[in-house]
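Two complexes are shown next, each including chain A; its partner changes from chain B in the first to chain C in the second.
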Partner chain A sequence: MKLELGKIKINDLQFADETKVDSGVLYVNKDELISILKKDDRITSIELEIVHPGDSVRIIPVKDVIEPRVKVEGPGGVFPGFMASEEMVGSGRTHALQGAAIVTTGKIVGFQEGIIDMSGPGAEYTPFSSLHNLVMTCDVDQELKQHEHEEVLRMAGLKAAKYLGEAGRNIEPDIVDSYEHKPYHEALAEFPDLPKVGYVYMLQSQGLLHDTYVYGVDAKQILPTLISPTEVMDGAVISGNCVSACDKNATYVHQNHPVIEDLYRYHGKEYNFIGMIVTNENVTLADKERSSNYTAKLAEMLGLDAVIVSEEGFGNPDADLIMNCTKLEKKGIQTVLITDEYAGRDGASQSLADADPLGDAVVTAGNANQTIVLPAMDKVIGQQNVADVIAGGFDGSLNKDGSIKVEIQAITGSTNELGFHKLTARGY
Partner chain B sequence: MKDKLKVVHYINQFFGQIGGEEKANIPPSYKDEPVGAGMAFNNALGDSAEIVRTIICGDTYFNENLEEAKAEIKKYLIEVKPDLVIAGPAFNAGRYGMACGAVAEVANGELGIPVISGIYPENPGYDMYHQYAYFVETTNSAAGMREALPAMVKLIKMYIEKDGDLGRPEEAGYLPRGIRNNIFVEERGSLRAVKMLVAKINGDDFVTEYPMPVFDRVDPVPPLKDLANAKIALVTSGGIVPTGNPDHIESSSASKYGKYSISGVKDLTALDYETAHGGYDPVYANNDPDCVLPIDVLRDMESEGKIGKLYDYYYSTVGNGTSVANAKSYAQEIAAELVSDGVQAVILTST
Partner chain C sequence: MDKKRFKVLTNNPLVSAKLSDFNILFCDNIHEVYRFTRDHIHQNWRLTTHPLAGSVKPVQNPYRTIIIEKDDVISFQSLQIIENSLRKVEQFSVDHIERQYSTDILDDYQMIDLSLIESGLASI
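Now for the complex of A and B:
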C-alpha cells in the first residue's frame, strides 16, 4: 500500500462567501457549513469562530482537534466508517490542509476536556496553539445522555473537517510525502540484514466516554490486529475520548502520527520497519491479559526484533503498558515505551500506577500534575467556569481576574504519549 | 555584590563537641556562632555566606523524641529566618542521617528554606528524606570530611551563583532528590523513542527518561474467620460523595478525601449521592451510586447476619490521576482511624 500525502500549507483562515483555498488562505463559507452541521436535529445551537496563533484567546473545554482532509485518488474516503464507507484507506492520494484545524467545544460532556490558549505560557504547552483553528461551539438537546452528547460533537467535528478538506481537492500541494507499506513477505525480504522493528499502538478503550474508533469500530471490541501505517495516516483511527486532555490522542495526532512518521525516517537505514499492531486498553483483567498476550503473539508471528509501544491515558492503562512490555521482552522482543507521568504536583511521587524492571527504555512526555498559571485572555470561547471541574482543575482554579491555575493535565496535548510534543520530565 | 547569606548549621552532639554516645540523649540547643566543622565552612564560604547559628541535638534524643525535636528546631529556625540550612554531613551514621533528613523536612518541607547536606547514599536518612535536601555524596565514615566539606561548599556557592537553580543532579553534583521536573527539549518524543530504540537494538548506551521504580507489593492479610461478627468498612476511590460534593474533591488528581456518615442509610439514591470522579461516564454511578459504593448489598448482609456491622462512615476519594504518594498518605490516615474504631475488614471499591 502506497500513500501520497499532499500537504497544502495554510497560512491564514478567513470567513468568506465561498469555501476555497487560494494562495495558502483557507476561506470558509460560515453559513453553508452551519447549515450542513445543523442537519443533525440534536444540535440546538452552533457557532463558528476563527482563531490564529498569537491571539489572546482561550478555548475551553476542548473536546477534539481535527485536520481537514480530502481523499483525491484511490479507494475510500476520509474518516472511513463515519464519513465514508468501510472501504480500506491507506493507498492512493490524500490532501491535507496543513496548518488549519477544527476545534470542537461547547458545554462539558465529561470532566476530561481541555484548554487551548492561543498565546501566553499555556500556548507553549499545547501543540494546537500553532494552528489556524476554526472553533465550533456546539450545544445539544439537554435530554441527551453524555455518551450521546459526545457522539453528536464527534460527528459534527468530522463533518466540518470533511467539508473544509474538500476545498483542497484540486489544489496542488506544497509538499507530497510518500509512504509505502509493502506486503509482509516483500517487506521482510527487502532489508534482510537490518533488525526488524514494529510499533504497538495502544488505543484508549476504557469505555464510558473513553473510546477510540478504528474504521468506525469501537476499539474495545477488537482483538489486537495488524494495520498498515498508511491506513492510520489516512484517517482510519479517530478519537471519541473524554479522557484527560493532556494525554488523549486528538484525532489530529492520529492523522499526523508522529511515531509512524519518525519510524519511516530511518526505515531501510537503521532498521526495517515491518509494520504495526493496533491494540486496546480495556478495563477488565481478562481483557488486558488477552489483548497483551495477543499483541505479543502477533509481534512474534511477524518476527519482530524490537518495537515501540505507546500508551494513551494513564493510571489503569499503565497496567496494559507494563503487560505489553513484559510479555514482549520475555519473547526476546526489545521495547521502548512512550508514556507520561503523574508524579504529583511536587514531582515527588512515583509516576506510574504499574512498573517493571523490564521497562528499561522509557520516553516520558512530562509530569501531568505540574501546575501552571494561565493568565487571563481577552476572549474566551466556550465556558471558562468549567476550569474548577475539568481533569487537572481544582476548587479555586479559576481566579476572579480570569487567570486559571491548573495542572497541565488540563491542557490539550501537553503530555501527548505519541510523542507529538517536546515536553518531557527528568529526575532532579 | 550580593549580601552574605544567613546560614544555620545543624550538627549532632559529637560534631557539636559536646560528647560521644554518652551525650546522645541531649535535647536541641543552639549557639549563635559556628561550631566545629562550622568554622571550616565559614572560612571556605568567605563573603558569600555565614553561619549565624548552630543547632546541636543528641542523635538518640532526636530519634526517640522526633516530634518534639522537630518542633524545637523549627522554632530556632523561625527566630533566625536563614537563607540556607546546612545539615551534617552525616556520612553513614544512621541516626544522625535521619536527624539531618528530618531537619531538612522541617526547613525545606515546612518553611521553604533550601537545605544542603552530605550523606552516604545507603544511609536511611537519604532514602527517607531525599526530596528535602541537596545531599552531596560522602564516604561512609567521618574520615571523608576532607572531601565532603569542599564538595558541600562548592554546591553552596553554586546555589548562590545560580540563584537556587542548580540544574540536574549529575551536572551539579548532588544525589537525586526523586523529584520529577518538566522541561522542554529540542526533539519531540516520538523521535527520541526511535533513537532510543536504535540504541537499544545496537546495544549502545542510552539513558531511559524514566527509571522504573521498585514497586510496593503488599501481601494480602489472612482472611477473616468470623464474618458474622466483623465490623466492615467501605472505602472507595470511585468518588461517591454527598450531592454537591461538599468537600470539593477534585475530578482528577485529588488533593483530599472525604469521610461521610452512612448511619441509618440503607440505600444510596441519585437524590442524595453522586460521583465526583472525572475518569468515567458518571451516568450509571449517578443513577445508582450503590453500583460503586454497595451500601444496599451490605445493609442486606447486615440484616441477614452475614456480616456483623457496616461501619458508620465511608471514606471516598477520586483515584483518577491521583499520585501514588497522595494515595498512600490518605490510606495511612484512613487505616489508622479504621483500626482505632475497631474495623476488622475493608472493602475497597474502584471504578
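Now for the complex of A and C:
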C-alpha cells in the first residue's frame, strides 16, 4: 500500500461567503457549514468561532481535535466507517489542510476535561495552540443520554473536518510525502542486516467516554489485528475518548502519528520497519490477558526482533502495557514502552500503577501531576467554571481573576504518549 | 454467565440498582471498596475487572465498582494488582480535597462507573 500525503499549508483561517483555500488562507462559509451540521436534529444550537495562535483565548472543555482532509485519489474516503464507506484506506492520495483544525467542545459530563490556551504559559503545553482552530460549540437535546451526546459531537466534528477538507481537493499541496507498506514477505526480505521492528498501538476502549474506533468499529470489540501504518495515517482510527485530556490521542494525533512518522524516517537505515499491530485496553483482566497474548503472538508470527509499545491513558491501561511488554519480552522480542507518569506533584511517587523488571526501556512523556498556573485569558470559549471539577483541577482551581491553577493533566495533549507534544528533557 | 460466581463491590447506588441480581457488597466509600476487595482476594477471590477506573483518575470519581469471582486458591496476580492499585489510590488521595459535588456531577460519575462495569460484564 502506498500513500501520498499532500500537505497544504494553512497560514490563516477566516469566515467568508465561500469555503475555499486561496494563497494559504482557509476561508469558511459559516452558514453553509452550520446548515450541514444542523441536519442532525439532535443538535439544538451550534456556534462556530475562529481562534489563532497567540490569541488571548481559552477553550474548555475540549472534546476532540481533527485535521481537515480529503481523499483525492485511490479507494475509500476520509474517516471510513463514519463519513465514508467501509472501503480500505491507506493508499492513493490524500490532501491535508496542515495548520488548521476543528476543535469540538461541549460538556457531555459535568467533570469533562481538556484546556487549550492559545497564548501564555498554557499554550506551551498543548500542541494545538499552534493551529488555526475552528472551534465548534454544540448544544444538544437535553433528553439525550451521555453516550448519544458524545456520538453527536464526534460525528459533528468529523462532518466539519470532511467539509473543510473538500476545500483542498483541487489545491496543489506544498509538500507531498510518500509512505509505503509492502506485503509482509517483501518487507521481511528487505534489509537483512537490520533488526526487524514493529509497533504495538494501544487504544483506549473501556466504555463511555473511553472509546476509540477502527474503521468505525469500537476497538473494545476487536481482537488485536494487523493494520498498515498508512491506514492509520489515512484516518482509519478515530477518537471517541473524552477523558484523560493530557494523554488521550485526539483524532488529529491519530492522523499525524509521530511514532509512525519516525519509524518511517529511519526505516532502511537503522532498522527494518515491518508493520504494526493495533490492540485495545479493556476492563476485565481476561480481556487484557487475551489481547496481550494475541498481540505477542502476532509479533512472533511476523518474526519481529523488537517493538515499540505505546499506551493511551493511565491507571487501568498500565496493566495492559505491562502485560504486552512482559509477554513480548518472554518471546525474545525486545520492547521500548512509551507512557507518561503520575508521580505526584513532587514527582516522588511510583509513576505507573504496574511495573515489571522486563520493562527496562521506557520513554516518558512527562509527569501529568506537575502543576501550572494558567493566567486569565481575555476570552473563554466553553465553560471555565468546570475548572474546579476536572481531572487535574481541584477546589479553588479557578481564581476570582480568571486564572487557573491545575495539574498539567487538565491540558489537552500535554503528556501525549505518542510524543505529539512539547514537553522534553534536555541535558546542558 | 453464572452470576452466583461473582461478587460486586461498589459504593455506587446506580450499579447497585442495575446489577441487583448479582451478589452485591455495598460499601460506604471507594476506600472501603478497595480495602474489602483486597480482603476478599486473601480469601481466594480473584479480580474479574481491573480495580482502577479507565482513565478517570483514582479518587477523582467518588464512586468505584470492582467485580471479583470465587476461586479455589489465592491469586497472586490479583493480589499484586490490588496492592498496586491501593498504592495509587493512596497517592492520589494526598492531593485530593474532599468536596461536595452537585447532583448532576454525581449522577455523571455514577454513570461513568456503571458504563465501565457494563463494558466489562459484556465480555464475561
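Heads up, the rule we're going with is that the second predicted complex is superposed on the first by the 418 of 428 C-alpha atoms of A that agree within 3 Å, B and C clash if a C-alpha of one lies under 4 Å from a C-alpha of the other, contacts with A are read in each partner's own complex, and residues count from 1 in each chain.
One rule holds for everything that comes next: a contact is a pair of C-beta atoms (placed from the backbone, for glycine too) under 8 Å apart; a residue touches a chain by one contact, two chains touch by 3 or more.
Every value quoted in this text rests on a predicted model; they were computed, and no experiment measured them.
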Clash or fit, chain B versus chain C on superposed chain A: clash
First (chain B), second (chain C), both or neither touched by A:Gln350: both
Which superposed partner A:Thr137 touches (first chain B, second chain C, both, neither): neither
Which of chain B and chain C A:Ala319 touches, first, second, both or neither: second
First (chain B), second (chain C), both or neither touched by A:Asp287: second
Chain B versus chain C as contact partner of A:Thr412, first or second or both or neither: neither
Partner chain in contact with A:Ser228 - chain B first, chain C second, else both or neither: neither
Partner chain(s) touched by A:Gln146 [first = chain B, second = chain C, both, neither]: both
Chain A residues touched - chain C or chain B, whichever exceeds: B
Touched partner set for A:Thr104, first chain B, second chain C, both or neither: neither
First (chain B), second (chain C), both or neither touched by A:Ala365: first
Residues of chain A at both interfaces, chain B in one complex, chain C in the other: 110-111, 146-147, 206-210, 243-244, 314-315, 342, 344-345, 349-350, 353-355, 369, 389, 391, 394-395, 409
Complex interface listing, chain B residues touching chain A: 131, 168-169, 176-194, 196-198, 200-201, 206, 208-215, 248, 250-253, 255, 277-284, 319-326
List of chain A residues in touch with chain C within their complex: 109-111, 146-147, 204, 206-210, 220, 241, 243-244, 247-248, 282-288, 312-319, 342, 344-345, 349-350, 353-355, 369, 389, 391, 394-395, 409
Contact set on chain A toward chain B in their complex: 110-112, 124, 145-147, 195, 197, 206-210, 242-244, 258-259, 261-263, 265-266, 270-271, 305-308, 310, 314-315, 334, 336, 338-339, 341-357, 359-370, 389-395, 407-409, 416-428
Interface residues, chain C side, partner chain A - complex: 47-58, 60, 77-78, 81, 84-85, 87-88, 91-92, 94-97, 99, 101-102, 104-105, 108-109, 111-112, 115-120, 123-124
